[in-house]
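Going by the order they are written in, the chains are A, B, C, D, E and F; count residues from 1 in each one.
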Amino acid sequence: MDPVILFFLFGLVAGLLRSELKLPSALYDSLSIFLLLAIGLKGGQGLATQPLLPLLPQIGAVIVLGVLQTLIAFSALRLLFGFDRPNAASTAAHYGSVSVATFAVAAAWLAARDIAMEPQMAVLLAVMEIPAILVGIVLARGIHRDTDWKSLGHEAFLGKGVTLLLGGMAIGWAAGPEGLAPISGLYFDLFKAVLALFLLEMGLIVSRQVGELRRRGLSLIVFGLAMPLLSATLGLGTGWLLGLSVGGLTMLATLAASASYIAVPAAMRIAVPEANPAVSLAGSLGVTFPFNILLGIPLYHWMATRLSGA
Amino acid sequence: MSTMHTEKRTLLTVFTEASIEQLLIRDMDRLGVRGYTISDARGKGSRGVRDASWDESRNIRIEVICAREQAEALLAHLQARYYSNYAMVACFSEVEVLRPGKF
Amino acid sequence: MSTMHTEKRTLLTVFTEASIEQLLIRDMDRLGVRGYTISDARGKGSRGVRDASWDESRNIRIEVICAREQAEALLAHLQARYYSNYAMVACFSEVEVLRPGKF
Amino acid sequence: MSTMHTEKRTLLTVFTEASIEQLLIRDMDRLGVRGYTISDARGKGSRGVRDASWDESRNIRIEVICAREQAEALLAHLQARYYSNYAMVACFSEVEVLRPGKF
Amino acid sequence: MDPVILFFLFGLVAGLLRSELKLPSALYDSLSIFLLLAIGLKGGQGLATQPLLPLLPQIGAVIVLGVLQTLIAFSALRLLFGFDRPNAASTAAHYGSVSVATFAVAAAWLAARDIAMEPQMAVLLAVMEIPAILVGIVLARGIHRDTDWKSLGHEAFLGKGVTLLLGGMAIGWAAGPEGLAPISGLYFDLFKAVLALFLLEMGLIVSRQVGELRRRGLSLIVFGLAMPLLSATLGLGTGWLLGLSVGGLTMLATLAASASYIAVPAAMRIAVPEANPAVSLAGSLGVTFPFNILLGIPLYHWMATRLSGA
Amino acid sequence: MDPVILFFLFGLVAGLLRSELKLPSALYDSLSIFLLLAIGLKGGQGLATQPLLPLLPQIGAVIVLGVLQTLIAFSALRLLFGFDRPNAASTAAHYGSVSVATFAVAAAWLAARDIAMEPQMAVLLAVMEIPAILVGIVLARGIHRDTDWKSLGHEAFLGKGVTLLLGGMAIGWAAGPEGLAPISGLYFDLFKAVLALFLLEMGLIVSRQVGELRRRGLSLIVFGLAMPLLSATLGLGTGWLLGLSVGGLTMLATLAASASYIAVPAAMRIAVPEANPAVSLAGSLGVTFPFNILLGIPLYHWMATRLSGA
């Protein structure tokens, strides 16, 4: 098994056994800054060697994809799972958005198998973080006069994650592959090893979701498994319309299937205070994240191969 | 016994979630609070254990020294706006300050 | 002067070694303490300078708002169990709270 | 109501710039202060926002439990030496301690 | 001289001159997490290529070795050095256990000289952390009804150090050398450079023990030099019975000679509150650690060469 | 453009747009410790291969250079810019001292162009941090009986920056190039990538100086641009007298042109409390640092080429 997955499982087991293992929070922050920058640099360096215009329809398509996922998740949670309005809206926003750690695991998975993907996947990652947040807020509160769209937009576009992805991409694009060469020893060659350490912490965090999962019974688990499968299918369809390669298809399916656990919870805590953050996180972190990295990615790749072979 | 001239003010201490720090700073600025101090914390309360193990479970501790009326106005605002949806506990205590004009 | 209805409670503040944080949390849970806040600190006392330069010399600061009896019971327990062997200092002060049922 | 024997002391709390921590520790040692606790903080006051985003803008929070006279002497010293040039705010409050000999 | 030793001496001198140099505590924690994981991975990867059964007698032997060291140290401290019961028990537990930093320096020392050692030394490192803690507690308190063995066991087996060593080993064993290849650029190639930075901080910490050493006079120094020599001899004997190579003999002697300064102090502070932690640390950090890394390791290697040549 | 400059610009833009991007302060501290150590190691390793005696006149010359710069800056600020005595003295001390980040950017700039410089430039960097501090204090307060020179000297020589530079140099010198080889993968090969991350944080810090720059109007900007140009010329002259190579000339000009933003502010805050730290920092960080790394270094190199061609 891939060592990054083993690191995740180690963190999970250590957490479940209530080990005293704890990563300093500054280390966790530093690792996530590194990963976001490195993903951005990699994507930007790829973009430097191709025209940017074809990106526009792709960006439009994944915005629609994110909105659609959020609406579907919201309806399902309201009608099938009996969630109240704020919790349904907040959880739907988590699932309509994306997870950077899942992206990183999928990128490492593809790289280990020498499967190329389009460099703009990093752009799409950044783009897909945002629409679900705005849709989630509208779903929770309706469109009010007093909604502070300015500060919401600020939150969405200038949050830490999007800033680092876009900044990294801009640097990678401006410097190009040769420009980045003197710093690639850190940002590219050590990427997987840093990701492994990050996943150790993710395992510890996931292990803390178990209590909430127990309390909420089966419904979170069912939703947390069904939703990524549905989203992955939508993602594959979108990727097929856009004419992506197998690697690109796999990645877009993975992005769609992934659920946010950093940007969206922070935004929802402020914009939809009535929603219980423990519920959405138990779903996105406790069920969907492990499912995606353990089983989802190989499955989506298999589906992508079928689709592009057809 | 005391030879120093001091005046009484109220110290409002608030324990709450770190995720709303920016909101609270904006509120205090809007309500005309002239100074405050914030530090990081963890803890337990009616909303469960918040052990600062990651962003979602970090607490902060806000201290504001001001006139009683302002402290009450600030707490009334916090109560109306945040008490029902956020982990939050607050208390008043009495302190003596040297330069009352500052508070 | 005050228009807000508040009630008096006791704030117990404890300064002690970080190495016994888990023990103290367990003790507070067992004694029925409903809430507490912990933050990191450093300092000096009769047991010397504790400057947080590494694990062994880190301090913490525990705050518990509760009824006077419970504060006394908790402090009595700390005194019996920890005072002789650990760096520890504690004090009571009076605070006013808004939702007395919580404490 | 109280069954525990406590005595009153004064708690001096000082909010100030982290850059003078070592100076203040030296001053307290010289003035015979027997114990203190320091923790990290950020805040706002008449000298603007100090948000701990880098070394220059870090605050600290010093707490000293002692007899009223000593607290006043310490604060008088701080006032004379630091108030005009450094971000600094201080207040007294009343606390009860168990082992008065220590303070 | 080896640069890692130079880093240690630099930290020591800076600390003694009261320089303002200070490493952020999150950096110190991060470096130690890295070292523990890397040691575990390296050991686990070695175990992946050999049968595990022969490990069992070796584990049994080092447990006996740890218990024996603790008992000897306790008797010596009580009878020869006039320590009271709790301080003798706590200090003995430090010396019966092991130091990960010393292990890391010895591993780097052997690697620099191309001297191979058995991969299971990392397993023995993890195993040897624990028995002394339990023996120390029994020595201090006797066996009481109300001893909370459950939480002591938890403390001993699920403490940060043991968790990381065992977790790293499990990952290294499951992934094997090829599986670890994509992450070895960080965990193996940069090991020595990270160790150097860690030893800089160790030097600073050691410099703070000087005050206590002055207060305690000669006895701590004498014990802190004599005990590792005795323990190293016991370690060599044990290693000889187990048929270890010269590298393995050197390492087992070093492990035996080393004294804990992380896991044991934390456990003793809780289990034996009457013991003064400054005393044991002044010995293990202020005397034994520098002795071992400056003089001990080459000495134990020389003894190991003699022994296996005989 | 060089990626390290792009990282700086990214941080600057993110800060000006009020992004929520923030580096943990432990990461910033760790990065600066790393850079100081690496610069020291590199310099020390170079010194190991040459006689040390010729260093003495160079050290003397740069001390004079630092004192001269401080006096000129003080006079200009008092007479031309109307600063009061304490602020003029404190700001002059910033400009008479040096900036490690600027040194690092210049070193990377020279390395990228394969321009060699004398290894002792790291020694000169450490030496040039100090004299301006002492001169600044004398300028602010006159020479009093009660000046605590002992603790000022301690502050100046045993501050974090000087300690790490000198310690790194001593290690590099004692170990030599072969001794450092096993740790050069971290300290040398990753230097530029770590510098990039550090400059991202510098960009964020610089962006916070804008408010103060607005308040102070033009005078800080004029001084912050004119002073480095003057200092660079003095630095070039000094370097020419010392017979430095083009790389050495460029670096000495850059060092002279650079202004401190770590060691000097900390020392002045304590020694000259009446000075407003925001003023000096707005100049040294908000104007001079960006000017030097964006335009100054290429300019000083061009001047150095001219000078040594003449």
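Convention: contacts are C-beta pairs under 8 Å (C-beta built on N, C-alpha and C of every residue); 3 or more make two chains touch, one makes a residue touch a chain.
Just so it is clear, the model here is predicted, and its values are computed rather than measured.
Trainee: Which neighbours do chain B and chain E have in common?
Mentor: Under the touch definition, chain B and chain E have A, C as mutual neighbours.
Trainee: Identify the chains adjacent to both chain B and chain F in the sense defined at the top.
Mentor: A, D
Trainee: Taking the mean of the CA coordinates per chain, how far is chain C from chain E in Å?
Mentor: The computed centroid separation for chain C versus chain E comes out at 35 Å.
Trainee: Which integer distance in Å separates the CA centroid of chain D from that of chain E?
Mentor: 41
Trainee: What whole-number Å value describes the gap between the mean CA coordinates of chain A and chain D?
Mentor: It comes to 46 Å between the two C-alpha centres.
Trainee: Counting only residues that touch at least 2 other chains, which ones in chain E make the list?
Mentor: 22, 24-26
Trainee: Which positions in chain B are in touch with at least two other chains?
Mentor: 39-40, 93-94, in rising order.
Trainee: Which two-chain combinations qualify as touching?
Mentor: A-B, A-E, A-F, B-C, B-D, C-D, C-E, D-F, E-F
Trainee: With touch defined as at the start, can you tell me which chain A residues reach chain E in the complex?
Mentor: Touching chain E: residues 1-4, 6-7, 10, 13-14, 17-27, 108, 112, 189-190, 192-194, 196-197, 200 of chain A.
Trainee: Residues of chain B touching chain A in their complex?
Mentor: Its residues touching chain A are 17, 19-20, 23, 52-56, 82, 85-86.
Trainee: Can you list the chain C residues touching chain B in their complex?
Mentor: The contact residues of chain C facing chain B are 1-4, 6, 9, 11, 25, 34-40, 65, 93-99, 102.
Trainee: Name, in rising order, each residue of chain F that touches chain D in their complex.
Mentor: Against chain D, the touching part of chain F is residues 22, 25, 28, 204-205, 208, 262, 265-266, 269-270, 273-274, 277, 281.
Trainee: Quick check on the complex: what are the chain A residues that touch chain F?
Mentor: 24-26, 29-30, 33-34, 37, 154-155, 158-160, 163-164, 167, 170-171, 174-175, 179-180, 182-187
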